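Input: a single structure, listed below in structure tokens.
Chain lettering (A, B, C and D) follows the sequence in which the chains are written, and residue indices restart at 1 in each chain.
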Amino acid sequence: MQKLRPYLSPILKKLKRGPAVTLPKDAGLIISYTGIGKNSRVIELGSGSGFLTVQFANIVKEVVSYEKREEFLRIAESNAKKVGFENVIFKHRDVLSGIEEQNEDYDLVFCDIAEAEKTVVYALKALRKGGFLAAHCLHVEQARALVIEAKKYFEDVQMIEAIVRDFEVDDRGTRPVHIGLTHTAYLVFARK
Amino acid sequence: MQKLRPYLSPILKKLKRGPAVTLPKDAGLIISYTGIGKNSRVIELGSGSGFLTVQFANIVKEVVSYEKREEFLRIAESNAKKVGFENVIFKHRDVLSGIEEQNEDYDLVFCDIAEAEKTVVYALKALRKGGFLAAHCLHVEQARALVIEAKKYFEDVQMIEAIVRDFEVDDRGTRPVHIGLTHTAYLVFARK
Amino acid sequence: MQKLRPYLSPILKKLKRGPAVTLPKDAGLIISYTGIGKNSRVIELGSGSGFLTVQFANIVKEVVSYEKREEFLRIAESNAKKVGFENVIFKHRDVLSGIEEQNEDYDLVFCDIAEAEKTVVYALKALRKGGFLAAHCLHVEQARALVIEAKKYFEDVQMIEAIVRDFEVDDRGTRPVHIGLTHTAYLVFARK
Amino acid sequence: MQKLRPYLSPILKKLKRGPAVTLPKDAGLIISYTGIGKNSRVIELGSGSGFLTVQFANIVKEVVSYEKREEFLRIAESNAKKVGFENVIFKHRDVLSGIEEQNEDYDLVFCDIAEAEKTVVYALKALRKGGFLAAHCLHVEQARALVIEAKKYFEDVQMIEAIVRDFEVDDRGTRPVHIGLTHTAYLVFARK
């Protein structure tokens, strides 16, 4: 059985892989659903390996990325450096005890930590009116907890999941590949 | 039966809807799979209603957007104006007779016309080494024709499809909505 | 927007539709995953409109079908009569207070009620060694509760979900329909 | 990476696996969409390993199963014997040259061979009014060719595809498994 290699855009191929990463499959939806662009300022809660950090940095003006585990922070920093992005500020901190940006002027707070629902109040104070809280949740229960908490303060709260399949095109015909990724994450979005 | 309203990011809600549009569901994958960002220059073949044009313009440095039907061109131009983007150049022309940009310096040629495979040779000359040809194909046959033609000149040619489902979260529990979008398009990617 | 009409096999088209029904999409998986056949004896907890009752009766030797709401029971009985099946015994009873069949000789106990996990102990006593408990759960939380309870007594406990899409085949090409069913139920299976 | 083991119902676990098999995931839909039951008579074109033959035999009155390759026929016969079914007649023949049953009295002709569209005329003569032609097609093009040919003679011609995902339920929460089957086959149904 062949090894499954999820698709990575060119920028990501150079990166070292540490903890679980946010793949282009989900990163794309986070970008397009929140409408962030080159003038946006983004806060990331949980740098992980920095894969999403780099994808954000490629698009937006400024990224602040928090990570509580030092070994992950170093991987993420090293990855951002590798692709030459200078618009990322990494911060070593457990976001469950709060974040520094509380001036309601960020466009997106993205959360990829286990108890995302506990960051809702911090996100609220970091975001401008119309800004988005978004999150990448492995389990249904995590997504649900965040949806319920976010509904107290945000509008247009939604939970989605994407199934992306690759196709084989050859002389015999066209069909989806037989074996592939069947789940990465549930995504949650909430607009302030 | 309730009317189905596919999700639109805030920027798109202001737009007038003409011909079929590329939704955030697919726009996000186009952005993340090709890795375009704020320094990228993009050519769009088929402006349609300009929904993707606007999503590109929000992210990249420059967009050139071709449309052969004048009534669509006007909708797209008006939509781009509505959101205040000035980094889009619209061109009224049938791209099957060629495009002007042939200096191998664009990062992405995105194609949303019926016979995308006929634009492969033009895309090839417009793209820098490492740049992407991408397309939004309604039918399997269109995607297949493009994959086969692109394989002659490009690397890493792939065809994908995304199924994105919305979830309902309420007191009774969590589940996908019963009725929703089951198909928008097959996406094709090819790297020069 | 056209009305969505989920597919029904010929036998089901004659039936009157009351409460939510188990569609062929899920009925098929229940049949094939449990391996029931013409020698099987099945207990159904929750007749509903009798759509699944009829699909079972068409295949197996004997069906016992419980329903606590009298108006549903009448619809189900009338539907079974309409297709002429005489191998179904309907029982008017709330299964949360137990079921009569406790001799460990049934092949399948199928559950389509809200708190399926409360029927696990009754199912256990009704089933032969190797028989299946199966259930149709609308929400993730219901399926999860059943899985957790079933794991205490059963083997090979599994939870699945099927997404079935219809395709359009015409002169323009082949593609899934744009709008369709995106969720019916999670199915749970457990083998004694 | 763990080996992927598609689910098999108890009856199938005893069988020897030769050529590609029709899994319960698709077998169930074939059964429920066509509405076959214990009084049905079925013809199978392409026995393969006999996995579907056995699933049919478990449910219907009589199965006639054609296979042109002798080594497959032997596997299928041996598998049917292993589970003790005596209601299957195996025939060694290439069905592209026709089948013997032409009295319009079968309930289902199921086709699992490469050029299914070439069997439409034989199926037509084998089936009773209201009976079904169904097929398991690996590629889009095969399903399309069959749909187009079937539409000339049959009603309610449809093409579907099922994506079935397994879920993990543990202390951390509930989610689909990360890696799994993303395609087995397109199914085509046509009613006489």
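Everything below uses one rule, namely that a contact is a pair of C-beta atoms (placed from the backbone, for glycine too) under 8 Å apart; a residue touches a chain by one contact, two chains touch by 3 or more.
Given the structure is predicted, the values throughout are model-derived calculations rather than measurements.
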Report summary line: Given over half shared residue numbers means same and under half means different, the chain A/chain D interface is same
Requested in this report: Report back the single chain whose CA centre is most distant from the CA centre of chain C.
Outcome: B
Query - Whole-Å separation of chain centres (CA-atom averages), chain C against chain D - result: 22
Query - Cα-centroid distance, chain B relative to chain C, in whole angstrom - result: 42
Report task. Measure off the straight-line distance from the CA centroid of chain A to the CA centroid of chain C, and report it in whole Å. Result -> 39
Requested in this report: Specify, in ascending order, the residues of chain C that touch 2 or more different other chains.
Outcome: 140, 163, 165-166, 174, 176, 186
**Report entry** Parts of chain A lying in touch with chain D, wherever the complex brings them together
**Finding:** 1, 3-4, 138-142, 163, 165-166, 172-184, 186
Requested in this report: Can you check the complex and tell me which residues of chain A touch chain B?
Outcome: 7, 9-12, 24-25, 27-35, 37-38, 55, 58-61, 130, 140, 143-144, 147-148, 158-167, 169, 174, 176, 186, 191
